[in-house]
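Note that chain A is present in both complexes that follow, paired respectively with chain B and with chain C.
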Partner chain A sequence: MRAYRVVAMARKEFVQILRDARSLAIVVLMPPVLMLLFGYGVNLDTSALPLYVFDREGSQQSQDLLKHFQSSRYFDLVGTVDNYPALLRAIDEGRCRIAIVIPPDFSKKLNAGGPVGVQALVDAIDDNTANLAFSYSESVVRGFSAGVQLDWAHRQGLAGLQYPLNVQSRVWFNEELQSRAFIVPGVIALVMTVIGTFLTSLTVAREWERGTMEQLISTPVQPSEIMIGKVAPYFLISVIDSTLCAAIAIWGFRVPFRGNWGTLLISSALFLVVVLAMGYLISVVAKTQLTASHISLLTGFLPTFLLSGFIYPIDQMPVVLRAFTHIIPARYYVSILKGVFLRGSSIGLLRGDLLGLVGFAMVVGTLASRSLQKTLD
Partner chain B sequence: MNNSGPAVVVENLVKRFGTFVAVNHVSFEARRGEIFGFLGPNGAGKSTTIRILCGLLSPTEGGARVSGFDVATQPEAVRQTIGYMSQKFSLYNDLRVIENLRFFAGMYSVSARSLSERIQWALEMAGLSDHQRDITGILPGGWKQRLSLGCALLHRPSILFLDEPTAGVDPITRRQFWDLIHQLAEGGTTVFVTTHYMDEAEYCHRLALINRGKIVALGTPAELKRGSMPGELVLLECEPLAAALGLLRATPGLLDAAVFGSVLHLNVPRAKEAIPLLRKLLLQSGIAVTRIEQIQPTLEDVFVSLAGTHAEAAKEES
Partner chain C sequence: MLARIRQMVIKEFIQVFRDRSSLFLLLATPIIQLLILGYATTFEVRHVSTAVLDLDNSSESRDLIARFGASRYFDIRAWVSDRRQISELITRGDATVALHINAGFGSHLRKGETAPLQVILDGTNSNIALVALGYVNQITSDFARDYQNKFQQRTSPLLLKQMPTVVLERRPMFNEDMQSRWNFIPGVIGILALIQVLMLTAFAVVREREIGTLEQVMVTPIRRWEFILGKTLPFFVIGFADGALIAIVGTAWFRIPFRGSLGVLSLGLVLFLLCVLSVGLFISTVSKTQGQALISAFFFNDPAIIFSGFAFPMTSIPPILRWISYLDPLLYFEVVLRSVYLKGVGLNVLWPQMLAMAVFAPIMFTISVFRFHKSID
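This part shows the complex of A and B:
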């Protein structure tokens, strides 16, 4: 391998990226745009569900129950109505996600020792939110009825009675339970995949498409020199862009960074080798930019987005899909990113994921380095 | 490198793509410092042959040596000694002129010492010294071709392969291009060039006429014109042309008749005897003859005559 051929190739490739408005836009704009999109746009936290109430009794006790809802940070009481059709309209028009109906004999039944049914109507178009609304409202009602039972026991002279069990929870790693902290570190993997696999996949394909490959392979340049020269600029750009993403995550979104920079660098370099080799391999095989971009979206971007645990946790996937995630390199890197950022995991704790990346780097790297033949056959 | 032998030796070369035979048992040699032309219509197998010689395609059968190196087993050694200009423009349109030159200088490992001298040389040769900062894509076709040539010559190759270098280029630029080729040959470079322009073939030292993957004639342009046609050539200017062509093609004793612009070229065994007979025949059919005389065949006549003979031979074979 001759260094000046690699340098000449890398320089040419770099100039071409700078001259191509589309590539340049992706390189410059993608990191901040994706960060903002996932930092602000995607919020999986269900806080303050809009709540409507139809209190058919209006007693002291029914108001007490409503206060429990109001004081919960999961609900936001946005309206009260005095008839059932108005309540249904509020749900139909999307003014609330959940509506509570308190029966007219609420306090009477309660004082008689119950049971009392409180109706909750939930807009279940978004099933995830609906489930949360159900369980949050259940826990509010359960808390209220436990208080009622305790009051009753006190009145019966059973002083000093307490709940037999209670949970003392400590939230670790993502103390504020923000989905942003969970998602944002993964954007680094997404940015690397787009630059490393998608942009790189166009480079060799472009040469086949424009006929420049024929001229190129008539020179003494070696396939390894072509490969390294071609991916080098994308390596550099990925490093800059992912550093930018990390900076935005840490200083812009205040995502905690508890781990070791060295661990982050090593795993990032490994993942970059994987995505760049994939992009290059696709490029050599595809021969047209259109095919290359389709293959790289299907094998790079989509799996990284959907199956890496970036947004959708892998343990919550069906068994088959969960098994499938093992052949997606981003899975290992996203897991490392979350570990390094939030958990402060040491390199030893992450060795399984690191080994996964090493394996992929070797396999895909070897395939890529053997992919280009200097022939038109 | 072996400096004594011929620049290119091709022996019994065959290239098949599936069932299609693109190159069919071709053998020839090109000497050092020679302009060797490969003349034939589109699809005759010219580009396939040149690509095999540059190590870009592998031969199905037979073999070829370029600068003494086997193209199938030592393609990298071949590439060190050759320059190649493909049929389609294949430099980078989005790079500047100077960037293309620097890039190919890098690919050909032009030494740092001679780099700027070689690039200056190529710019001057291509007449692009005042345009080195231009984006290549905006240059006119002829300029691009000269730049391609410059890029292919940066490493002083001993053999230059040009695949239809003047296709789609205006006549003046074509002329300049051939002047460049002659200068290179005088400097000792072997130039292997394909073309389908008959007039260009006259500029070559030696020519191979290729048709349907086979070499149908080989020699200097003068040899080909002298020796390759079976009879003599008669030019006929008459009215109406189409009627005359139909009549003559049906006439026994006439070897061939073909339209050349506004006249007919007739291939006859002996011109002196044929001309009076032809006059009589045409007069009887009411065709007005304005001119009839013996002429020297051009390469095009030779080619049409040989291609026709081979087509008939092929028909008889099958």
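This part shows the complex of A and C:
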């Protein structure tokens, strides 16, 4: 391998990227755009669900309960109805996500003692939001119920009645429970995959498709030199882009960074080697840009998006799929990213994930370097 | 005129099906993606790994812990004997929830006092922590209520019947078992139709241009709009077949209920495909190379998917982004898909979404045809 030939290849590749102003703009703009999209667009924190109420009694006590719902920041009272069909229509049209129905004998039953049911009709298509809606309305009702019980106990002369349990919950690592904090660090892995695998996979395929590969083959350049020369510019771009992403995450979105920069750098470099080698491998195998882009979407972007634990938790997947995630390199990197950002994990704690990345870098790198044959068939 | 369009269509079909790999990509990749998406995308929280520190070891504390162990939401994986071990398990990510019961728990309860329960949660994934916290509250309040009842029975059995309580009756609608899959599978149809068709269309014109065959086509007597029609018609057919395939396989494999009408769903798919085709055409007129087309398609897909409400509730994104999301045809198609599948509603409810897509497509087509004229000269 000769250094000057590698440099020549890399220069050619750089010129090609720079000449195409739009590609360059996209490469530069992608990290901030993806960051903003995921930082602002992807939000699992449910806020203010549209609430309808159907008070079939209209007593002082039923209104009291509804006031409890109104004052909760999780609900936004958008409608009051006086019949079921109107309520069902509002739910069908999606104007109402949760409806509270108070029975006609609410206060009578309440004064007589014993349990009284209040219905919560929830549009459960989105089960996650529905779950939270139930949990929030449960706590509203519990609060109201406790107040009623206290009054009752007072009247009965049972002043000493105390609620038996006091649940003190403490949340670690992401104290305010913001979904942004756990999603944004993972975007770094996504950006690297897009640039490393997606863009790189197009480069060699393009040479084949345009016929310039034959010209390259007729020069004395070696396959390994082609590989390094082709990949080097994208390596540089990825390094810049991922640094930019990390900066946006830390200073833009104020995601806590509790770990150590060295761990982040080492793991990022390893992951970069993996995605670039994958991209190169795909482009050698695919021969056309359309096929290359399809394969890189299927083996790079989608697994990174879906199976890495980036958004969807791995431990909630079916066993087979969970086992399958072990051959997704992004899984290890995303785990390291979350560890370094939120948990402040030390390098020792992350050694398993780091070893996984090292293994992938070696295997995929070797495959890539042997993939290109300088022959025409 | 018709003859010329027919010739174009035949040429496009031959081109798509000539190579085996593209046939594979058209039929197999959507199915693979469907399966991965179907199994991976879940926000259900089950079997959360739980650690227990019980320093009281009374019948009361054991009863409370047993309730956690019996629920399907928590799996007790570790019994520890001091607080440090809890920190370790949570920091390593081996436990997501830890229950800490101090000595004296049982005796507090027996005296009718409030007993503390400490719950430590790993908030790295805020969604899991939030949902798990909801389950903790549910289990503990059940425990508290039962204990209170027992306590009352012991001290003043006559009053127990009179104690008023308000209970929430949960009525999840449309997705009665609250399965994530019922929400995601219909949604996936839209996502895959978008990815597949947009990519094909975006590449269509650009490839001709890049290879140089566009000029050859242009010297034939074919008119520009005939060319565009001939180009897009095959992708429309392929897109519809793909959409139908995904819908059939998804519904049958994952056993998703289909409660609406096939006609409404088909109309939605047709309108949506027209929107995607018009966007794809637009991309192919503004891109000079396949690489550019690919990146542009990618840049449309990402926001389109994120803002569609496919995975992330739209109630929680900032207002400015919500306005942008109204430009996203996928947003409307997702509503159509889920409403037809799970709500079983028809055009009387879904006409606004249909109208939005029916307005989007012609506008975008006009812009594309206009751009295409310019890009030829």
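The criterion applied here is as follows: the second predicted complex is superposed on the first by the 358 of 377 C-alpha atoms of A that agree within 3 Å, B and C clash if a C-alpha of one lies under 4 Å from a C-alpha of the other, contacts with A are read in each partner's own complex, and residues count from 1 in each chain.
We adopt the following convention: a contact is a pair of C-beta atoms (placed from the backbone, for glycine too) under 8 Å apart; a residue touches a chain by one contact, two chains touch by 3 or more.
What you see is a predicted model, and the numbers here were worked out from it, not measured in a lab.
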| message | For the combined arrangement obtained by superposing on chain A, do chain B and chain C clash, or do they fit? | response | fit
| Is A:G94 touching the first partner chain B, the second partner chain C, both, or neither of them? | second
| message | Let me test your reading of the model: by the given contact rule, A:R5 touches which partner, first (chain B), second (chain C), both or neither? | response | first
| said: By the touch definition at the top of the document, which applies to A:L306: first (chain B), second (chain C), both, or neither? | reply: second
| message | In this superposition, which partner touches a larger number of chain A residues, chain B or chain C? | response | C
| Which superposed partner A:T219 touches (first chain B, second chain C, both, neither) | first
| query | Of the partners chain B and chain C, which touch A:D20 in the superposed model: first, second, both, neither? | reply | both
| query | Smallest separation in Å between any Cα of chain B and any Cα of chain C in the superposed model? | reply | 11
| query | Taking the two structures together, which residues of chain A meet both chain B and chain C? | reply | 20, 210
| message | Quick check on the complex: what are the chain C residues that touch chain A? | response | 21-22, 25, 29, 32-33, 36-37, 39-47, 49, 90-93, 109, 112-131, 133-134, 136-138, 140-141, 143-144, 147-148, 151, 156, 159, 161-176, 178-180, 182-183, 195, 199, 203, 207, 210-211, 289-292, 294-295, 298-299, 302-303, 306-307, 311-313, 315-318, 321, 335, 338-339, 342-343, 345, 349
| request: Mind listing the chain B positions that touch chain A in their complex? | output: 51, 54-58, 75-76, 79-80, 82, 84-86, 88-95, 99, 102-109, 112, 148, 151
| remark: Within the complex, chain C is touched by chain A residues 20, 22-23, 26, 30, 33-34, 37-38, 40-50, 65, 91-94, 97, 110-132, 134-135, 137-139, 141-142, 144-145, 148-149, 152, 156, 158, 160-175, 177-179, 181-182, 194, 198-199, 202, 206, 209-210, 289-291, 293-294, 297-298, 302-303, 306-307, 311-313, 315-318, 320-321, 338-339, 342-343, 345, 349
| request: Note which residues of chain A are touching chain B in the complex, please. | output: 2, 4-5, 7-9, 11-12, 15-16, 19-20, 210-221, 374-377
